[in-house]
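Got a structure for you, questions after.
Chain naming follows the written order as A, B, C, D, E and F, and within any one chain the residues start at number 1.
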Amino acid sequence: MRENNVRNIWKAGGAVVNGWLAIPSSISAEAMAHAGWDSLTIDIQHGLVDYSGAVPMFQAISSTGVTPMVRVPWNEPGIIMKCLDSGSAGIICPMISSREEAAALVGACKYPPIGTRSYAGARNFIYHGPGYSVQGANDTVLAIAMIETEGALANLDEIMTTPGLDGIYVGPADLALALGRPVSGSPTDEVVLKEISRILETARRHNMPAGIHTGGPEFAVKMIKLGYQLVSITSDVALLTLASQQAIAAVREGSGTTAPASGGAKASY
Amino acid sequence: MRENNVRNIWKAGGAVVNGWLAIPSSISAEAMAHAGWDSLTIDIQHGLVDYSGAVPMFQAISSTGVTPMVRVPWNEPGIIMKCLDSGSAGIICPMISSREEAAALVGACKYPPIGTRSYAGARNFIYHGPGYSVQGANDTVLAIAMIETEGALANLDEIMTTPGLDGIYVGPADLALALGRPVSGSPTDEVVLKEISRILETARRHNMPAGIHTGGPEFAVKMIKLGYQLVSITSDVALLTLASQQAIAAVREGSGTTAPASGGAKASY
Amino acid sequence: MRENNVRNIWKAGGAVVNGWLAIPSSISAEAMAHAGWDSLTIDIQHGLVDYSGAVPMFQAISSTGVTPMVRVPWNEPGIIMKCLDSGSAGIICPMISSREEAAALVGACKYPPIGTRSYAGARNFIYHGPGYSVQGANDTVLAIAMIETEGALANLDEIMTTPGLDGIYVGPADLALALGRPVSGSPTDEVVLKEISRILETARRHNMPAGIHTGGPEFAVKMIKLGYQLVSITSDVALLTLASQQAIAAVREGSGTTAPASGGAKASY
Amino acid sequence: MRENNVRNIWKAGGAVVNGWLAIPSSISAEAMAHAGWDSLTIDIQHGLVDYSGAVPMFQAISSTGVTPMVRVPWNEPGIIMKCLDSGSAGIICPMISSREEAAALVGACKYPPIGTRSYAGARNFIYHGPGYSVQGANDTVLAIAMIETEGALANLDEIMTTPGLDGIYVGPADLALALGRPVSGSPTDEVVLKEISRILETARRHNMPAGIHTGGPEFAVKMIKLGYQLVSITSDVALLTLASQQAIAAVREGSGTTAPASGGAKASY
Amino acid sequence: MRENNVRNIWKAGGAVVNGWLAIPSSISAEAMAHAGWDSLTIDIQHGLVDYSGAVPMFQAISSTGVTPMVRVPWNEPGIIMKCLDSGSAGIICPMISSREEAAALVGACKYPPIGTRSYAGARNFIYHGPGYSVQGANDTVLAIAMIETEGALANLDEIMTTPGLDGIYVGPADLALALGRPVSGSPTDEVVLKEISRILETARRHNMPAGIHTGGPEFAVKMIKLGYQLVSITSDVALLTLASQQAIAAVREGSGTTAPASGGAKASY
Amino acid sequence: MRENNVRNIWKAGGAVVNGWLAIPSSISAEAMAHAGWDSLTIDIQHGLVDYSGAVPMFQAISSTGVTPMVRVPWNEPGIIMKCLDSGSAGIICPMISSREEAAALVGACKYPPIGTRSYAGARNFIYHGPGYSVQGANDTVLAIAMIETEGALANLDEIMTTPGLDGIYVGPADLALALGRPVSGSPTDEVVLKEISRILETARRHNMPAGIHTGGPEFAVKMIKLGYQLVSITSDVALLTLASQQAIAAVREGSGTTAPASGGAKASY
């Protein structure tokens, strides 16, 4: 059976460096899979991707040892099971606010007797390879609940002790909104940071690995040092935009070239 | 009629900062169109894109003032005309080696009496807007010949004086191969650099704007200072890969995290 | 921030002329966006479109000032949020039958503190442009509930006073079915018409703009005169079919040509 | 073997009413296939369609008795044979200017001994059904040369007597350009109309069925009365645009509604 | 109105031989539609297909008399109604565990007064043809509940007497998991087989046609002989894999050829 | 650098068992890649695939050790180079009839100084991995000419001694047509078989590996025994159809079930 980098790194006490895929393309996904990430998460929630776009991305990632995961758009069993059948090694589910919702997530991710996932031989068998089975699937697939709502903040212990839940993942932007604070991908707001710490402490108390989304390497390093064991670095589309802006600036500054009055990104008619 | 940034900048004696699209996605294309490039070239030759992939990319770029161009896979009238009908404002054609080939390129890009482009009201009318017509199309659409083969090096004057040709574009990698020198996106080989200078000088003698592909901002700045008036900065997929590698390195170095033994980006070969 | 034509026209007391997109193509969507509609609604419920088909349609519409909206297949937060993240300026939700369902719709469409929409920088920021933010999004995005079920007819006041709801939209066909009357896109049945009037009166009492689907311009004019402030004119596929039938009839009648015995449009059933 | 409406109507001395598909969608293609056309031509030259888009359109048309044809982008054997293998019952090839080019078109369309089409059991066998074979294919598939260039006007007899050529098709816009006259889909220019008559007369002398593209029913009727035996009525995208404009105008005029200052088709930021 | 083979065969007391589509391609779907199946079910649950992939598959099947059905990913009204609007003649819904869930399935499949399906003229009218209407749709469309969970085994009578339910369908793999027995596509486990018999007996008592998924012809024949009236034979992807393995083995054995040490089908894991 | 199974097997004097992909799907391609073939050829000539469909198929195959090749639609440098850039390890080119055409094929497949392939870092570097370069590419990529025309039969020696050509491949159907004999995938015609032998003998004299297309394992075994070193076994779509027909027959015969009068696979023609 395929190694699950996220499980392996977590077992070893390390931190996963996770890439984030919002571009619905198997070409950008394959490039990302060769860039050095430990795992890649296809974002079917806020990314411009849905199931049909994700499938060739799973295939492209599969030619490498990078572990593919999905953030689903909602805690809905249909899409969760479809992603697992297509070869996702883990599900990150947004906006889990209660023990009941966490249990539903686990239910969709695990075969009986742990959950109620429906069984069939689909691409999951091709991806995971020999050894994948009812038990093997339950051992390798990750069910990860996002902590980012008022409800979740009120129910941290109940959520984190849900049987079968494998990890939690913090969404700093929604967390800030839930706290009535300004939104940021790499928050500096004290109220938000305090909650980020409290979530981590609760997770550690329950031996629950915790991950977090970040706006860039600096905040990611800070979070790993705090104890978070999975950091996502913004997204492919943000990395591409930033890299382009830096390259353009370097050329314009180095050569004294300026953008035309007619345009750049401004529509012209 | 839409402004053509490339024509405008060339008229003003400036240099175009051109982005390069190899990912067949309207999402990455749209992100690139908002990043600050003067123009964007969809690479249907070496990019992972063909006509069907390019059309939604043209549409995504059209919501901005960035000028869309195409590098076609070959000097074949069918694909050249299809790209122009879909709203490309220019054609970069690889491996032009003779006056006859340059004339065929111009023929496919321009309506009579200049060329033999076939006429129809397709997406070109939507993109270019009021004022686009037989004459307007011939005035705005760019026919650009790549100079990168032994034949081209032997026929510089004949090619650059082809009636209706609007510019030339150097491909340093194929140029190096044609010269029997090591391949590089940002060449340092003296033989290659000497030819890059000679091509530019010839182009200037014929008042023919010259562009060049580059492996990054540093070489691009050097080329603009030399007199090249259009520089392409590697490609979207290369920028994404590089940005990812830098972000991963920053996180791993900052946090002391290492990649898992089980894999990361290691493929099976 | 982009102007929202629907909000602007409603504020000015006017009526929106809305096009309806059932063909999953960015080419037909772009043609529709240049035809003169005030807004265009991608029909992910009864249209042959789903999310993956809608994204390039959003992009095609974005090169114009036409306001894009979506009719979602169901009151499910995953698809509603995905459409808003992709640049939809409004959501029309079918079969809202109660205050609770209307509140769920608003919840998915608006960020806290009004709703519980999940926050991320996706294509919405590219589409709406500078000024779009938590507050800006809540100010521009429209949450519109369809009134077409028995439940809705029983709960008009409760639905129309739901905080954060921006408009209602009548589906005459389902309304007729709910009333046990014959289905029609441009109803003439007195029972149906009476309810269409009652819905409008209730909406006016609550200062709630009301829209309605129609089978063609004639009924649309009648509805605007009645006081409806948004009319959709059948669909792209219906307009294309009708225009074809009229053109074919004109040719056959003008020239005395008849369809071949071997078939024409006759299918095998 | 499937009936070929075009062949049947031509044999009976009638005129084919041909629809024109420029939208790359199997949904619009299916709607067109049920609208009453005798045949439908997928325009891979000026339409926004390429091979990958055409295949599901062929499939959609196949559930009806409407005869599918293709206009290829160029006289290139690869794309001609691919379209025939996918179930096209005819090829319209643009810009045929000589006997040699016409013979190359026939060569790609017909199996030996008439031509050199490559043989394989692909979708053509599914579409054409029992009886399709080397001989059956040669009997049913149509090779049609467009007459629209200076060269064609000079070589009418040579082209029209090419063995294996089944028909010719006039492109009025390119014809006008070739004659140095103003472009029009439904020409009124006397020089253009005279050539349209001369082409038809030459075709009749060689018992060669002649078709023509038109800008609408009125000109189509005129051409049928002149003796043309196949008329194409503009395109799906033009019909859709026109039908939308008429519907919008009817609503605005009937209700006194005007378009918002903020937009319609004008970009707004 | 189109004939519904499943209804017809059930009325005549026969057994339906149903093909299963997991490959998201209109080409494989069309090949399957010409292979001799009575009906074809597109598996949107465990297949690699979603709605956008299913639509051209529906179109491809429509050129034959084979009846198209869908297995939806979950009992969610949005996807059920979208599939019916696109021309599915039946819905197989997984994991129905109670009368309430069965009633929700029927509700989504049938128009009022039987259910609450939303009405619109979409591709369903093109597929079903003249006679399709509110009543016609309710008469032809099949609502089929899968029996495969603990809940279902406890509520067989309640489920099978749900008004408007047209059939039930057994999933042997999930059934085995629900019973705590080893999973098999063609089960030999006595506990599983006993339940398969009990389900059939219950169905017969309620005059409810029963179908079952099978791992191959042998078990399918056994089930038909037992009284099941619809058997699905594994899936397209499984048939393709098996046929390839048999052909390869025949070649290798016949010719003494062995696979290369360097790899063949060995993946990297 | 990736192992090239075809080169390795040929070096070892063995015979390649090659699968053939005509379905444009990465899902069927991945299933085929796990079925045991030594190599897989994507058929862009007669298959229902073009470049945009082939790219995700290349990616799916890349997760295994199976060697991917392409049959291009025509001897056109644009498509040949695009396929090689996308990760094809070999090109099979149809209808090579002369030394000049064979040299053009080699030219498009090999970098200078052997050929004139254009150089860029695209997916080829990801697929082939470390060691791939100008020299490495020329060492691993295969240029294979099809022998199937009158011209080829007249020019066997000239074609097979073309510098840089790596193999030849016989197309029995076109070969039969060229000889004026009945077409068959597994020919029994003596004239055809004699030419198949003569081609092989000529190839052996020039140490040129020879492959052949076959209609099934039996003829493939015969050809391997004759000395052919690569056999393709019909196609994925033919294997799927045959496997379905056999399964259906087994069920119908075993259970006494017959197809419905209303249709089954009967199309409308």
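Convention: contacts are C-beta pairs under 8 Å (C-beta built on N, C-alpha and C of every residue); 3 or more make two chains touch, one makes a residue touch a chain.
As the structure is a prediction and not an experimental result, all values here were calculated from the model.
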item: Minimum number of chain-to-chain touching steps separating chain D from chain F; value: 1
item: Pair sharing more residue contacts (C-beta pairs) when D-E is set against C-E; value: C-E
item: Chain at maximum distance from chain F, centres defined as averaged CA atoms; value: C
item: Copies chain C and chain B - interface residue numbers shared by over half, same or different; value: same
item: Rigid-body rotation angle, chain D and chain A, from Cα fit (steps of 5°); value: 180
item: Approximate Å spacing (C-alpha centroids) for the pair chain A, chain B; value: 35
item: Chain C-chain F separation of Cα centroids, rounded to whole Å; value: 50
item: Approximate Å spacing (C-alpha centroids) for the pair chain B, chain F; value: 33
item: Touching two or more other chains - residues of chain B; value: 22, 24, 27, 31, 34, 48, 50, 52, 55, 63, 76, 79, 123, 267-269
item: Chain C - residues contacting chain B, complex; value: 26-27, 30-31, 34, 55-56, 59-60, 62-63, 123, 126
item: Parts of chain E lying in touch with chain F, wherever the complex brings them together; value: 3, 5, 8-9, 12, 14-15, 17, 19, 22-25, 27-28, 31-38, 48, 63-67, 216-218, 220-221, 224-225, 231, 233-234, 236-237, 239-245, 247-252, 254-255, 257-260, 262-268
item: Parts of chain E lying in touch with chain A, wherever the complex brings them together; value: 22, 24, 45-48, 50, 52-53, 72-74, 76, 79, 94-95, 148-149, 171, 173-174, 177-178, 180, 183, 185, 238, 267-269
item: In the complex with chain A, residue positions of chain C that touch it; value: 50-52, 55, 63, 76-79, 81-82, 85-86, 111-113, 116, 118-123, 134
